[in-house]
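Shared between the two complexes below is chain A, which pairs with chain B and chain C, respectively.
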Partner chain A sequence: MFSCTIPKLRIIFPTARSLSSLASPSQIEPRQLAFPPKYQQPRQVWLENFDTIEEKKLAILELHPEVFAANPRVDIIHDNVRWQSLYRYVSYAHTKSRFEVRGGGRKPWPQKGLGRARHGSIRSPLFRGGGVIHGPKSPNPHFYMLPFYTRIHGLTATLSIKLAQDDLHVITDLEIPTDDPNFVEELVKSRKWGPSVLFVDESDIMPRNITAATDSVKHFNLMPAYGLNVYSMLKHDTLVLTRAALDLIESKLLTHLHKNNSVPNTQKYKLNQV
Partner chain B sequence: MGSNTAEKALQMLKFLPRVCLANLKPSPGSRTSKKRGRGQHGGDKHGAGNKGSGQRQNYMRLGYETGNNPFYLRFPHEPYYQGHHLRREYPPLSMLDLLKLIEMNRLDASKPIDLVSILNTGLYKIFPDQRQYGVNLTDEGADVFNAKVNIEVQWATEPVIAAIERAGGVITTAYYDQHSLQAMINAKKFFERGVPIPRRMMPPPDAIEYYADPTKRGYLADPEKISEERLVLAQKYGYELPQIEKDPEYEMLTERKDPRQIFYGLHPGWVVNLKDKVILKPQDEELERYYAS
Partner chain C sequence: MASIRTYLQRIITKTCFMHPRVYNSPQIRNSSFHSSKFLVDVEVNTKYETTKNPEEWKYVERLLPVTTVPEPKKLPVYASGWKPQGDDLKDRPYFIARTRNHMMPVYLEIRQRGTARHTIIKKIQGDIWQLEKDLRPFLEDLLKPKNLRLQVNEFAGKICINGDHVNAIKYWLGERNF
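Now for the complex of A and B:
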């Protein structure tokens, strides 16, 4: 009875399947990895299209394992997130000490003879309405600088986690045929992305349609590659990189991981540091 | 790099819930609470110990030993430290380090090596304002040194000179004054300032003897005497002196700076414009006379 609905088991060769689904493999040139990895295999990711709702897999791209298969250090990611939320936070909580509270200069009652406890001021911290000892003072900036390579490793760890958890997708570009928000919502739904998606492009001037389509949807956000950060990647469920953004991010991170003049970056943070 | 732990962790992450802002944690034990308890839970010494000088944070002056004859006064006068705050310093760089720099391609041995190229590696630093006057090439690794170099350092001992010359190289000791060193420690930054390259000053009286000594391969010494001393040193240390004249890199090995020159290929008085990639040279006769060697 059910035999007709259950598909037959077949042996599927992954390579054969991947090749058959390629739209036009010859048109898309493979990626050349800078600093070719010696000890690790490159990671692979599908290059997908973005101009139709249904997904078309265009090619397989190789990803550098030092960026996309780095050690997923959750503690480093935590350090980054903590730093991102703290460095621009200024606490305005403020309390007054016993000398800043108005009044309290006069001895409230004589030292002796009344049978009451001795007191010198009605603004002593023992009194209601008195000053506060070691209370918070305003403004209290929480700015600090995370070490440069902690920031770099935070990015590689987060990208690696996103890739490992199938939350990283690479698309050709951000061109869509319409500026209707429903198009992007349908696309995201059918491809099982999201609900929240971060689209990262190479530059900060995005195509008009995607800008208009995602403007009203608060859980779809656009970001240039230079703004990529750990907090935003984790805040969104899915990270979608354009191919150009992927190239830029990978080359920037590899440059910082491999350069030999890292001393200026690792020195103590100064304003206008080179 | 390629560690198995990273692979395993990434494999595990495939089947774990999505890493997000809500499930991050620092390393266990890496953060301790700064809060101090109040009242009976707070501790009553505020971390300053019990009673006395320590608790009142009455820090005694440096070296004071509460009435003992202090250590720094206990011994008689030590004259060999006299004037130590005025003496020139030459921070050491071992021959092993130098060889490593060359083999790791941080230094190009096919060109003359000088203080500028050593500083440009970023792995050796000097602070001229702390009276550091350049490289003291030390003899650690002299036995294994096999690079043929034309090197200019500020201080070198006899075994170092022998090791360089045995390998077919050339060594010179040269003096740079404070202003020259300031220009050399970050040449790019200096050129960006847009000021003319200064002329190198002559060594001070107490250094002139060293830099005019052919046995020290001083840059002010007579070249004839230096080639004589090269032979003498080869006989003393028992190696056959490679003939530089027949070397294919003769040009490179014999390249020398003028005693007034700081950068190879650039003369004092020139202004290097990195933005337009031009070099401005002084035209005025008076300037030419001033910058002439």
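Now for the complex of A and C:
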């Protein structure tokens, strides 16, 4: 009855803050944003712990709006997903033309005098078992390169969407006490991170326990920051970044968005480049 | 500066002197990739010393190319007529970000072999419809007998206007400190 009328507001007294599990601000360094935004407010995200099943919110981190509050350009995201599935696809469909099909060198019947249609080969496309006109030829690679800044904007748009949909979490690091898969399963379940989770760390050498724990679980995947891509982010329900990975990804994307010489990146892609 | 340059010149002349093949050698063309010899490390006979001196490093750093266009110094008037963006734009309903080169993102797009000209304003943040409402009377005055044809792309943060109004829009934005 009353719950409908009373607004659900939480008033936090200074004493409550001292009792809360929130770490004191001195322990965790706040983030310094490179290229300070001139109009948009920085986005905020909780820094969570990863060493216990129950969630502890350690601090609030600020995120650069240019990376984490970009326009949700689904058109650019679609370009990226299409490119990621096509650049490694090779079509092996193959057909033979009338000259590749075996036989058919002899005129099947004389030109005149039989009352039948004139034909020069039994492998003509008109015949059953004949060649195919303009059929698919194998191998047909579909490789192409997406423009560099379409790839960059694809990443910012996807990261922004993940954050806006509450599917992006930041943790301190990937250290867990056991290598038991049940620990990660329970942790993900209790924090409602959705069935599939993508953990992104700064480098590709990760702590032993998390690698052993997620090895047998197919919907928990580990990825270094350099492997971050649009398709994987969309494929997994939740994206979990370590703080180091967050710093690295943000700084990399910001340098590409702000650097003055983008010519080497925007030049035509050459297959034999070093 | 000058000392570094002479030092480098000295090294170059030295290497060329010591390796005449580097300087003046016939080009080697092997018959194929497979028959060509493997690359070997070229022995460098030049004497050099490695130092770690922050005082000297300052001069090296000065020669390295800058990766971003730095924030320009604040001056009352610039010789080129360029104006920096205002500082207090946070309370505006909309915002047009400068490009990485501190220019206004207003572009002319020429299509159909020069017959179709469109002005495009990019990097619009905030209430794009309010910007359109404010910009409309200014452009309608310019085009008086003709109709204004203007398209707002809220999704991408762009406004496309038919015709070449780049300088007019840049002037209008400059008046408002964008």
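Everything below uses one rule, namely that the second predicted complex is superposed on the first by the 248 of 274 C-alpha atoms of A that agree within 3 Å, B and C clash if a C-alpha of one lies under 4 Å from a C-alpha of the other, contacts with A are read in each partner's own complex, and residues count from 1 in each chain.
Convention: a residue touches a chain if its C-beta (ideal position, glycine included) is under 8 Å from a C-beta of that chain, and two chains touch if they have at least 3 such contacts.
Here the structure is a predicted model, which is why all the values come from computation and not from measurement.
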Touched partner set for A:K259, first chain B, second chain C, both or neither: second
First, second, both or neither for A:N71, with chain B first and chain C second: both
Which of chain B and chain C A:A164 touches, first, second, both or neither: first
Partner chain(s) touched by A:D173 [first = chain B, second = chain C, both, neither]: neither
Touched partner set for A:K235, first chain B, second chain C, both or neither: first
Between chain B and chain C, more extensive residue contact with chain A: B
First (chain B), second (chain C), both or neither touched by A:Q40: both
Intersection of chain A interface sets (partners chain B, chain C): 38-40, 71, 260-261
Touching residues on chain B, where the partner in the complex is chain A: 1-3, 5-7, 9-11, 13-14, 16, 18-21, 24-27, 30, 106, 122
Chain A residues within the chain B interface of the complex: 37-40, 65-66, 69-72, 74-75, 77-79, 81-82, 160-161, 164-167, 231, 234-235, 237, 260-261, 263
List of chain A residues in touch with chain C within their complex: 38-40, 71, 73, 255, 257-261
Residues of chain C touching chain A in the complex: 65-69, 85, 89-90, 92, 95, 97, 100-101, 125-126, 155-157
